[in-house]
C-alpha cells in the first residue's frame, strides 16, 4: 500500500516534470518569421466553418499561395483550447470576445481579433421551467450555468434589464457538458446554456426561454484570434486565414449544399439542426458586413461592458484596480483602457484587404 | 447404553471414499487417541464428531440421540493452529465462552455478571499457567502458551466431549511434555470424553486409554480413492489409569454429585 | 558487490528521498522563470511569489465578492462531502462485506453482484446519478459512496473468508449464534481491515469528490480548481493541489493512527 502511494506520487512527479520541461522548452520563438503555423477551433455553430476550411482543403490552397503551412486542429474542450493558445501552443484559436479577454489577454498574450466571424443572435439563452415566467421570476432561485463564461455574462445582462442584480440569484457552477443531464433533474429549475445544448433544453416540455442573446445583439462575439506578435512577423498567416474564411462564407451565403452538409456533420448533427443553429448565429457573409461591425462604436461599448463584468468577477487579474486595467485598440486608432498596456486589438487591415480583393 | 455409538458411518466426497463401515462404541470418560497415516480420515472423523460435517451414510449417536450436525458447546475443540481469537486478549478469549451462551443478543456481559465471568476465567487461566499473561494478545504468546489458552477456552465451557486435532504437533518436545501433563490433569478432574488425533505414536500410547488406528483395509492401485479407511486396531491402554479415574469419578459422584465433576487436588492415578 | 545488495546509508537515504522533489521543483521554477521573463503576465507557470499571493488571497483575506475566506470555505465543503461519503461507504461496505463473507446463503446472491458492481466506472453513470439523486450535496456524496462501497465490500468479503474456518467452529463451540458470531468475532476483525481498505480508497474518493464538484457546485476544492482553470489561474490551482495532497496525506496518517490505537492486536496477528 505504501508502494502504491509512492508509485502514484512518482507518476505525478514524472508528469509534472515532463510538463515543466515541455513548457520550458517550447516557448514560442521571438520575433521570427516562420513557415508553419498551428490553429485550433472548438465546436460551436459559428466556428464549425473552420472545420470545413480545413477538411475541404481550402486552407491548404491559401497557405500555398503565401508559401506557408497551416495546421488546423479541433479541440474538444473550450477551456483547454483557451489554455493551449494562452500557453503558446497555437498561433491562432477560435474563442469569444470575453474568453479572449480573460484568458490570453489577461495572461499577457498580446492578441488580435483576426476574423470576427459572427455574433450570437439567440444562440445563448436563459431557460426556466414553468409557464408565463419572466426574468423577474429568477429572484431567489438557483441558476445552473458554467460560471465565468458568456452564459454568466448573458445572465448578468439579463438580470440588469429586469432591474435585478446577480446577488438576487444563486449561481451554481455546472459544466457545459453536463448541463442537459443536470437540467433533467428535479432540483434544477433555471439554467443558462449555449447551442447546441440550448436547443435541447428549449425542446424540453414545460420549459421556456426568458432571455437570449438576440436581446443583446453583437455582445457575444465569435472570433478567430491570433497572437499579435506572430501575426506582425508573419502577415501571411492573417492573409491566408482571412482569405480562406471569406471563401467559405461565400459558399454558405450561396447555400452550397455540400459545404453545409459537411459542416452539419462535423458539428455532430444533421443539416436541419445545423441550419437552426445558424439561425441563432449572425454570420458576417461578406467582408463589407464585417467592416461595418468592427468599425462601429457599438463594439467599443460592448467591450467596455465585458471588461466591467470581468473586472467585477475578479477576472482582470488581482493587480487590476478597475475595468480600465487592460488596454484595447479598435480600428481608426481608438483605444479603451490603459493605453500603455494594449493587449487586445480589433484590426480592420485584413478585412480591407479582402474587400479590395488584395488577398 | 453407551455414551457415543457410531453405526456404519461412511464419509465420501464424490467418488472419494474417506471413511467406510465405521462402527465404534465409546464410553463416557474415555481418552481415545487416533493415529494413522496422513490422509486416512482421522481428522475427517473428528469433524464428524464435532458436527462440522455430516456423515454420508450411517449415524452417530450421543446418549442415544443423533448428533447435532453443527458445532455446539457440548463439544469443545482445540486445533493445531487458529484456535484462539487474535483480537481478544488472553482473559477475554476465555471470558467469551461465558458471555456468548448467557447473552444471546449482545454476546457480552456487563456489570456484576461480567466481573463474575472474569473471576472464573482468571481462576482457570491460573490453573493452566497463564496468570502472568492475562492482558496479552495471542500474537504475543509462544506456541505452547497459545495452546494452553486454547485448552482453557475449551474447558471453560465444561463440554461433554473434547476433540483435539493434533494440538501439540507444532510444539517443541519439552513444551509438549508439559502440555501432556496439563491435559491429563484436566481430563482426570473433569471426566470428559476425549478424542485426540496425533501423528506421534508415542504420544498416542502415552496419553490414551484407548488407541484407535485408522487404515485402509482394501486397496485398489488403479483407484486409490475408491476405498476408505476403517479402524484396524482398537487397543485398550493404561487400564489402571482408566480404572482409577472411573473409581474416583464414582466416588466424587457419590460424595459431590454429578453437577461438579471436579477432582480433588493431587489425587493423581 | 551486486547492485541488489547495495543499500544507502542513513544520510544518503534522506538525500535520495529528497532528490525527486528537488528535481521537480528545479524543473518547475526554471520553466517558470523562463516563461515569466518572456511574458511577465504569463499564467501557466506562476512564480513562488505569485502563488504565495494567491494563497494569501484565498486563505487569509475575505473574498471581494462573497466576503468569505474561500480556501477554508472550499475545504470545509469538500471535507464534509468526503467525510460523509467515506462514512456511509464504510458502514455499507462493512455490512455488505460481513453479510457476504459470513453467510454462504447470502453470499450466493450478493457476491457476484458486488463483483460486477465494483467494475462499473461511476463517472460513466453520472447522468443517471443526477436523475436519481438530484444535483445537490446528495449526488456528490453518492458518487463517492457508489464509487468505493462495492470495492470496500469485496475487500472485506475476501478478508472475512480469510478468517480461518477453525475460528468459526471455535466460536460455535463457545456458544455463539450467527448474530453474536458476527458481533464478537467478525466485526472487530473486519473493522481493523476496514481502516486499511479505507486508506487505500482515499485516492479514488478524492478523485470522485473533485469530479463531482467539477460538474456542479457552489463551493469546494474541486469546484475552485475547475472554475479558475477557465482562466488559467495556475497560481491558485497549484497551491490547491498541494493542499489537497497534504489533506489526503493527513487523512491517511489519521486512519493509520486510529488503526494502531484501536486494534493493537493487529500488528503481529496472522489473520
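Per-chain residue numbering starts at 1, and chain names A, B and C are given in the order in which the chains are listed.
Methods note: a contact is a pair of C-beta atoms (placed from the backbone, for glycine too) under 8 Å apart; a residue touches a chain by one contact, two chains touch by 3 or more.
Everything numeric in this text was worked out from a predicted model, so none of it was measured.
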Worksheet entry | Overall pattern in which the protein chains touch one another (line/ring/star/complete/other) | line
Fill in: Taking each chain's C-alpha mean as its centre, the one farthest from chain A
B
Worksheet entry | Core chain by centroid distance, with centroids computed from Cα atoms only | C
Worksheet item: Rounded to the nearest whole Å, what is the centre-to-centre distance of chain A and chain C, using the mean of the C-alpha atoms as each centre?
Response: 36
Practice prompt. Take the average of all CA coordinates in chain A, do the same for chain B, and state the distance between these two points in whole angstrom.
Written response: 82
Item to complete: Give, as an integer number of Å, the spacing between the C-alpha centres of chain C and chain B.
Response: 48
Worksheet item: Hey, what residues on chain C touch two or more of the other chains?
Response: none
Worksheet item: What residues of chain B sit close enough to touch chain C in their complex?
Response: 50, 52, 70-73, 75-77, 79, 81-89, 96-97, 99-101, 103-108, 137-140, 153-154, 157, 159
Discussion item. For the complex, give me every residue of chain A touching chain C.
Written reply: 1, 4-5, 8, 10, 13, 16-17, 20-21, 23-24, 27, 30, 79, 82-83, 86-87, 102-103, 106-109, 144, 146-149, 170-175, 178, 181-182, 184-188, 312-315, 317-318
Worksheet item: Considering the complex alone, what residue numbers of chain C touch chain B?
Response: 164, 166-167, 169-177, 179-180, 183-185, 188-189, 192, 263-271
Worksheet entry | chain C to chain A touching residues, read off their complex | 20-21, 23-24, 27-28, 30-31, 34-35, 38-45, 53-54, 57, 64-65, 126-127, 130-131, 134-136, 196, 199-200, 203, 214-218, 223, 226-227, 229-232, 252
